[in-house]
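Below, each structure is written out as structure tokens.
First chain A sits with chain B, and in the next complex the same chain sits with chain C.
Moving on, here comes the complex of A and B:
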């Protein structure tokens, strides 16, 4: 199976190249046979990569350690679940997995359009195959072939880094890859529009759902990563402005900008060049994200330098794409002229434009902060770190402006808004926002940035609530419906708008959660069994933590576990017992350092987060010395962390509502299908 | 042996599958479908959607009278222009069927919805001061108390 997989990977390259040439040629010469062949090659490449992926999984499950990739990321003791997900555990497999997902989406896009939008399809197929061919070239020629064999067969593999053996870590990369790869489809349509000259909003209308889907997966993928960091890394944070995190944030920022700016093109026929540039930038950033995370650049510039082939291939591809697309945009510039002008500075168009500038500005700042240390290290050999302070100083103000725009943008009228319009729509929310600030100030929350964030959040949430209320009321009157029914129809009749509002609510809730970090409590205590630690939470609760003792279990290498030390801490909140938390230290065969497993008690308003920071005498504890029970217990209280996960749920809900096909359209389409055979027969 | 057979089978299937259209002359269509949204239709739809939103915004009290009137006249002009362009384009493509059923129905729907909102506004039940849409037979606004005059249609 594995040999077949390797072979399938090899022949996918000529097939992808064939599709690429025939797609372009077929589009140019308008020959339907060439185009059909190109489209079929898209399906073929996907199936070949499916065979290749099954080959890799078979090698993992069958403990085929003669393969370098398997030997490096698995061993006999690993659970079967992690052997299967080994496909994306490391660089080599993830590149193949990436190609597999891209092939899947490419096939879906080609299949969806087999009978419609035909003038786009030759070029769409060609562009998709170009990107696929690029990934196959990387896999085969950049010394990252997952099927590479060792000269000998090791008795066992090295096993997977235990930090990666976590539920969130198995779903986080695939979710992100889904987001990254799905964005290739809108990019392909944009290039097709540049090539076939149909430069109205058609390509945007056709790919709107792809853009939203990609954006949704990116958002969820990023939050999954945060969740993983929070639970697994054991330092109590969820975001560290680490290059890998930044790499996933960059395309998200530009994709979010794009999602907003295409609405202006659809409604007003403006920003055509800008949208083309954003779709190109987002696509390149998804490739850049892989480059950064999966080309070994992050770990260190020095280890990276040993394999420069992959860098040349990636940079070459990105450079070529950038150059070709720029030339195409310049060539089509006369047809990309704006049909309208921004009429007033105070209008929804300008609010959207401002939102775009902010998002792109944030993307530039994040990119600079990520690349600067790498460039410096490459040039001077000195490792320097830009670190969270830089990112926070730049991005928090941008984030707050964007947060305010979330409220302002959708309510300002298109074209121009008069002073009266502003007064009418913003006075109540403004008062609520200010009132929130005053109330919070007097209840003791005096951290400037947090206060600002919560006050703006209240402002935005009020605006959205009023929008929903006014819309429902107006609809109830006009259509003579009850409020509940009117509300339901309001949302279903214009899913994009109201789904969008729900996404905005999710974003606001997440921001409220981020601001909670201003009130984090972090204390460290040395405790012996029976000791009680008292911690006051910023929300006014008192935690009484009783250290019950340390239990040690010695493993024999099952699941690669060597030993496990579990500290039992019983928790009382305001005098009421609420259970036991068990922060741990674990030692794995596959890792040099002991790992930390934290104990978390999560409530809607705050999390109690316990870390077993150190054991006084590890060796004594391991040799069952009953007196060696002293530990360092780190106690963190983290307000509003749950808001982040809740916000992500709202965001998902809103996006799904916006993506849902409208009832009328579904009905009409099924009628059209029913009617088709009848007309054909007539 | 099985492996060699598998490899041979896979490659043969792939080559056959992708080369067949060229050899046998199977053609994929490259024409634009009749029921596809045309440019003019798309523009008409967008104009009507914008018009509906303005009507609702006025009804919901988010736009004042002055803004409403000027936006409405601009958008109506745009919708009319799109409508005319659409009809001209349709005449140019004589013989093709009436546009996509889904789109045509959606546009009819939108037009009906706009008409309903307008008749409500015209009946004078929408408060000129706060935009609240009142029950039939009201003489004063239930929201802000302003007297409701039978405001003439604009």
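Moving on, here comes the complex of A and C:
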């Protein structure tokens, strides 16, 4: 099976290249047979990569340690679940996995359009195959072939890094990859539009769902990563502006900008060059994110071994794509002129533009900060880096403006907002926001940035609540429906709009959660069994923690575990016992150093987060009397962390609502198809 | 007409972001130095002590001590990767990373105070095989 997989991977390269040439040639010559062949090659490449991926999994499950990749990421004792997910646990497999997902999406896109939008499809297939061919070239020629064999057969593999053996970690990378790869489809359509000259909003209409899908997976993938860091890294944070985190944030920022600016092109025929640039930028940033993770140029907890061959291939590909697309955009510049002008500073167009500018500005700042060590080293020979303080300093103000725009953008009038429009839409929310600030101030929450965030959040939530209320009431009156029914119909009749509002609510909730970090409590204690630690939380609760003692369990290598040292800490909140938390230290056969497992008690308003920082005498604890050991206990209280996960759930719900196909939408789309040739001819 | 005013707004926003990035970099940047480079810099210009620096080196064996008392306080000595004679003491007031041990490569960020003690605000341990180990090492 594995040999077959390797063979399939090699075959996929000529097939992808074949599809690429035929696609471009078929598009130019308008020959249907060439185009059909190109499209079929897309399916073929996907199937070949499927075989290759199954080959890798088979090697993992069969403990085939003669393969370098399997020997590095698995061993006999590993659970079958982690053997299967070994496909994307390391650099080599995850590049193949990336190609597999891209092939899957490419096939879906080609299949969806097998009978329609034929003017786009030759080039779409060609572009998709170009990107696929690139990844196969990397896999085969950049010393990252997952099928590479060792010249001996090790008795056992090295096993997976225990920090990666976590539920969130197994779903975080695939989710991000889904987001990254799905964005290749809109990019392919954009390039097809540049090539076939169909430069109205058609390519955007066709790929809107792809854009949203990609954005959704990117968002969830980033939050999954945060969740993993929070639970597994054991220092109490969820984000630390690590280069690879930044790399996943960059395409999210530009994709978010794109998601908004395409609405201006659809409604007002403006920002065409801008949208082309954004789709190109986002695509390149998805590649850049892979590049940064895989090439190891910047120091990070995520990076795999440094590999310069990969770096050159990636840089070459990104450079070529950037150059070609820039030339294409310049060539089509006359056809990419705006059909309208911005009429007023105070208008929806303007709000969306500022949103775009802020998002792109944030992306620029994050990129600059991430690449700063590389830049300074190149220019001055001296590595100078910027850390979290830089990113926070720049991104918090930008984030707050964006947060306010989340409220303003969707309700301000198109073209030109009158004073009356402004007063009607914003006076109540403004008062609520201000009121929230005053109430928070007097109740003792006086951290400037947090206060501002919560106050703006109240402003935005009020705006959205009023929108929902007005819509529901109007519908109830006109249609004579009950409020609940009217609300349901309101959302289902215009899913894009109301789904969008729900996404916005999710974003606001997440921001409220981020601001909670201003009130983090972090205390450290040395405790002996029986000692009690008291911690006051900013929300007014008192935690009484009793260290009950340490227990040790010896794992003897089962599931790769050597030993666990578990501290029992009983928790009382405001005098009421609420159970026991068990922060741990674990030692795995597969890692030289012990790992920290934290104990978390999560409530909607705050998390209690216990870290077993150190045990007084590890050796004594393991050999003799564990229960008498003193420990260093770190106690963290983290307000509103749950809001982040809740916000992500809302965001997902809203996006799914917006994506859900509806009867109305199908009708609208078929109308759009009928109407499209007329506008294109005009 | 409005176009002009609009451009002013856009340029204004771009300028503000650029300003944020610029001042952000200049107030938060840290030099990444080796212990030898740090000593040279401080000798040449004592004001350099106030700069934030990030220094990588290795923990001198048996230099680690836990200072008793209420709060966590760890002391250890770090030596230059290339020249083991260049050393400086470090004070760290937080939980030690799991991977901390003798001869482990550490990156400390903070300031060298006037007593010559490095007060670390962050402490990272580098572990070469963190996510990728070479199975070649298994061959015997």
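One rule holds in what follows: the second predicted complex is superposed on the first by the 638 of 682 C-alpha atoms of A that agree within 3 Å, B and C clash if a C-alpha of one lies under 4 Å from a C-alpha of the other, contacts with A are read in each partner's own complex, and residues count from 1 in each chain.
The definition used in the following text is that a residue touches a chain if its C-beta (ideal position, glycine included) is under 8 Å from a C-beta of that chain, and two chains touch if they have at least 3 such contacts.
A quick note: this is a predicted structure, and the numbers were derived from the prediction, not measured.
Taken together in the superposed arrangement on chain A, chain B and chain C fit without clashing. In the overlay built on the shared chain, the residue A:414 is in contact with chain B alone; chain C does not reach it. By the document's definition of touching, of the two partners only chain C reaches A:365; chain B does not.
In the overlay built on the shared chain, the residue A:149 is in contact with neither chain B nor chain C. Once chain A of one complex is fitted onto chain A of the other, the partner contacts of A:344 are limited to chain C, with no touch recorded for chain B. Contact with chain C, but none with chain B, is seen for A:611 once the two complexes are overlaid on the shared chain. Contact with neither chain B nor chain C is seen for A:489 once the two complexes are overlaid on the shared chain.
Of the two partner chains placed around the shared chain by superposition, chain C is the only one that A:354 touches, whereas chain B remains out of contact.
When the two structures are aligned on the shared chain, A:447 is found in touch with neither chain B nor chain C.
In the superposition on chain A, A:209 makes contact with neither chain B nor chain C. In this overlay, which is a superposition and not a single complex, chain B and chain C have their closest Cα atoms 18 Å apart. Chain C contributes residues 2-3, 5-6, 9-10, 13-14, 17, 20-21, 23-25, 27-32, 54, 70-72, 94-96, 98-99, 101, 109, 122, 127, 130-136, 138-139 to its touches with chain A in the complex. Against chain A, the residues of chain B that register as touching in their complex are 3, 6-7, 10-11, 14, 17-22, 25-33, 35-37, 39, 42, 46, 50, 53, 56-57, 59-64, 66-67, 71, 74, 101-102, 105-106, 109, 116-117, 120, 132-135.
Across the complex, chain A meets chain B through its residues 3-4, 7-8, 11, 15, 18-19, 22, 30-37, 39-41, 43-44, 47-48, 51, 114-119, 121-122, 200-202, 205, 266-267, 411, 413-418, 420-421, 424-425, 470-471, 473-475, 477-479, 664-665, 668-669, 671-672.
Only residues 65, 68, 71-72, 90-91, 150, 152, 154, 157-158, 161, 164, 234, 301-305, 341-345, 350, 353-354, 357-358, 361, 364-365, 368-369, 372-373, 382-387, 389-390, 393-394, 397-398, 524, 526, 585, 592-596, 611, 613-614, 632, 634 of chain A touch chain C when the two sit together in their complex.
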